[in-house]
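Same chain, two partners: chain A is paired with chain B first, then with chain C.
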Partner chain A sequence: MAATFFGEVVKAPCRAGTEEEEEEDDEGRRETPEDREVRRQLAKKREVRLLQGQTKTSLEVPLLEKYPCSKFIIAIGSNAVAFLSSFVMNSGVWEEVGCTKLWNEWCRTTDTVHLSPTEAFCVFYRLKSNPSIFLCQCSCYVAEDQQYQWLEKVFGSCPRKNMQITILTCRHITEYKTPEAPSSLPSPFLKALKTQTYKDAVCCSLLEQPNIAHDLPAAVLSYCQVWKIPAVLYLCYTDVMQLDLVTVEAFKPALSSRSLAGLAKNIPQSTEMLKRLMTTSEIQSNIYT
Partner chain B sequence: MFVPCTDSAPDLTGCTLLMPAVSVGNVGQLAMDLIISTLNMCKIGYFYTDCLVPMVGNNPYATAEENSAELSINTEVYSLPSRKLVALQLRSIFIKYKSKSFCEKLLAWVKSSGFSRVIVLSSSHSYHRNDLQLRSAPFRYLLTPSMQKSVQNKMKNLNWQEMEKSPCIPEMKDSELCIRIPGGGITKTLYDESCSKGIQMAVLLKFASEGDNIPDAIGLVEYLNEWLQITKPCSDSKPSTLPWKFPSSWRLLFGSGLPPALF
Partner chain C sequence: MASRYDRAITVFSPDGHLFQVEYAQEAVKKGSTAVGIRGTNIVVLGVEKKSVAKLQDERTVRKICALDDHVCMAFAGLTADARVVINRARVECQSHKLTVEDPVTVEYITRFIATLKQKYTQSNGRRPFGISALIVGFDDDGIPRLYQTDPSGTYHAWKANAIGRSAKTVREFLEKNYTEDAIANDNEAIKLAIRALLEVVQSGGKNIELAIIRRNQPLKMFSAKEIELQVSEIEKEKEEAEKKKSKKST
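Coming up: the complex of A and B.
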């Protein structure tokens, strides 16, 4: 609680997130069997499901326990996905091996098993010429209670140290803490975070303290750090979170890294494909024209 | 579960475990930062669970370019073998409905590792204080029954105040009295579970409000220091000199720099 200048008392939000804990304790005492059933149903609805590529049936084992993997590249968010689509997927033949289907308040799906690539949220591909190289295109938001589930479905409980993970994602530039004003920063720009066992060079400077990464990219990187898997996260700080040509192109330095080297073959063609992607996603009309 | 940094698990038998509760003002967590940074504790592993919101960043205790590139996650374990001290740091909030599960996993680890005692650093909403509490120092302690035998006298000698019981249902006149720690996060759950499991646990808390909680954190570590003497006070230094080293991650706590055009 805090008193404002005008003498009114307002409830200040608690940074430690403890208000929900107190509600939880109260709820625990008053929770009825009906409440428990509602909670169980909601948890079931929020389950992350892993589906097989061709048949769209449930995959009972974690993805990387079924398929051997030496390189895994994960794009999270529309700009990172567009980057991999134009520069990497366009340069080789990739086959879809599976997808994760999930529901949360931010990305609602209809309850259907048959998801087209545009509707599906996290799609996994494998390079036909080298089937140990995997790619994940994740366009949706994976909520905090689903992130560990996602890790379990994809990586499983037996972590393999002989694979290398690369994660690409964007954050808004207002989240970047710096002694200078954010408006003075040359946006977009790339920053990296890497696990202790990642020994290759990174293509940009490391993310300085006190900046942090969170959500699914942080969940994946934490998993890799704990289980000693070489992994690198490339964070693009931008002021445009929607699909944007300049932001997507900011990921280009990552093409020179060992993880992506050799996977992007035709840069001019890729740039053309990217421009076409931008055009199709632009709003064609508005009420002012 | 505890995952060590090296291939062999360290022996934690007989050590004191210091840990924060994620509580109002993040006072316990800030206090842990001060302890780990000042004592230069070294990371020995991670307490990896699905209970806390994931986050990663570079070494929050970096002192030079060489050690600034070590990745840190949301739950890490540090140790100072010379003082038989182990510190668990929590850097994010609990995922909804996962706090009880975390307490169970944590206390199972405490028992299996053979820690001699656990000290929880926490805080409670200062606006919940009654008149007596408003007039006294804002620090309180709680001991589990198994801890009381060994430490109660020390607390009396230090003139420390035990956390008072308050009505379980504040609106009722003849309500039973119980320990309530509003804004304390998992503090109460940890305390209750430790009481029933016979774990030696002490809770040290400060009444605090959200804001710049660095002074609260300093107050809490100095409270702890009265008991554990983890840093010797510098008798020859000026009164304003603090023995506590702020970690480099405390920079820009209230945001980035301001645009000059604002002025």
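Coming up: the complex of A and C.
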């Protein structure tokens, strides 16, 4: 332990390990049955469950094994979800085929049984007129330890390669590493990251190093890269992470990509629907005016 | 690197950043948009109204405040910080009038607010004010003024500017559309402010608040009806412009 100039205590690792310290560590490492039970219960609480469409019964096989698809569009985060809801889902008839239900510390409730849809669900839809086109709306946060489970439940352990994945998500602009000052960046803006097997043109510039993708989008992209599935991530850097009209409209260039082309038909109506979505989901907070 | 130099306001990072000031500028972006336009004979302040809770008294949620009879300001950022700054500015306006027997100039009160903000970037144990302000008014010489301050304590005069959420989008719109013709007429300046806000406001005219000061006249707040009228005029003009465009192309 060390105290800094400002009085904060910082835990610094000690390289001079002594025998006594190692013994103490060993004692701490021995697991009691109680520990094991707690760990088991926690794992059960954090289990990702795949539920089938309307019946909400558990689905035992991976989703894409039961419903093979050629195009899979995943929206992660409120702005990406709003974009797909107003521009893509509004222009066709989609049926809900399943959802994943999960709980983690990010959920605002400790009740793991009665979870609200936006807190803990990723909902999967299929286009009725073309059942090989799939869509996923994910507004909840999938924690690091749940991402692999999510991928297994959705894609399975041996996925088909003849499908194309498009992921849409947002990130705060302060996390964009660039020599330019953050205030000079034209926020919001779109960047793309794709797997090696993705050969189509992307509708914006590629994400430069040392910037990286994070969380579930990164997990999906890594999975696709390993399994040689063509996939592209469209990452919108914005300074408004809550539902925001300008941020949602920043995804519009993605409509020209091959995976989304033809899915968005009525743009003026979509813009109207987007404005309605904004008014219904305004959060009232008095801290900022 | 940032995490070691962003705790105390008085610490510079090795590359010369005061991270708390920069983080305060992020807090400003969490407030809704405000736009200010300096016309030839008018100054206009337009803001995106915050959505008010059902049981909340709307009159107590204000983004545009008068500092004196001839000066008013709009802010974006932390509500409580704005209240403190506005109170201090109002007291200073009256104190100046009592001492010097002249009302403050717009530049004077802007400098006062900016100096206050700067003090909080150089004090131990205090954090900067998390607000940016647009200050408008007419001086005794009859010249319209528009100033903007930010959490670092800098202030600049502008012809037109925007602060808060999506300020960049609004500023780009203003850069394209602010012309001498656009602001020659009072009504055109008001329309320009509303058009700029409509670019980013979530739900159209009913979420816009507008205030104007004309030369030798007190501050005037527009009613919801007056704003709706302006918005419908703007929409008509847009439709006509689009019809003309489609005629030309055919």
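List of remarks:
As a working rule, the second predicted complex is superposed on the first by the 244 of 289 C-alpha atoms of A that agree within 3 Å, B and C clash if a C-alpha of one lies under 4 Å from a C-alpha of the other, contacts with A are read in each partner's own complex, and residues count from 1 in each chain.
By our rule, a contact is a pair of C-beta atoms (placed from the backbone, for glycine too) under 8 Å apart; a residue touches a chain by one contact, two chains touch by 3 or more.
Please read all numbers here as calculations on a predicted model, not as lab measurements.
The wider contact with chain A, measured as residues touched, comes from B rather than the other of chain B and chain C. By the touch criterion stated above, A:Lys275 is placed in contact with chain C alone, chain B being left untouched.
In the superposed model, A:Asp244 makes contact with chain C only, not with chain B.
With both structures placed on the common chain, the touch criterion links A:Glu144 to chain B but leaves chain C unconnected. By the touch criterion defined above, A:Lys177 lies against chain B but remains apart from chain C after alignment on the C-alpha atoms of chain A.
By the touch criterion defined above, A:Pro186 reaches chain C but does not reach chain B.
In the superposition on chain A, the residues of chain A contacting both chain B and chain C are 182-183.
Taken together, the chain A residues at the contact with chain C in this complex read 6, 8, 174, 182-183, 186-187, 239-240, 244-246, 275, 278-279, 282, 284, 286-289.
Of all residues in chain A, only 1-2, 12-18, 20-22, 24-25, 39, 144-145, 147-148, 176-184, 193-196, 206-216, 218-219, 221-222, 225-227, 233 touch chain B in the complex they form.
The touching residues of chain B, when paired with chain A in their complex, are 3, 22-26, 29, 46, 48, 50, 53-60, 62, 68-71, 73-74, 92-99, 125, 127, 182-186, 188-189, 209-210, 248-253, 255-261.
In the complex of the two chains, the chain C residues touching chain A come out as 7-8, 22, 25-27, 29-32, 50-53, 56, 61, 63, 75-80, 82, 165-166, 168-169, 200, 202-204.
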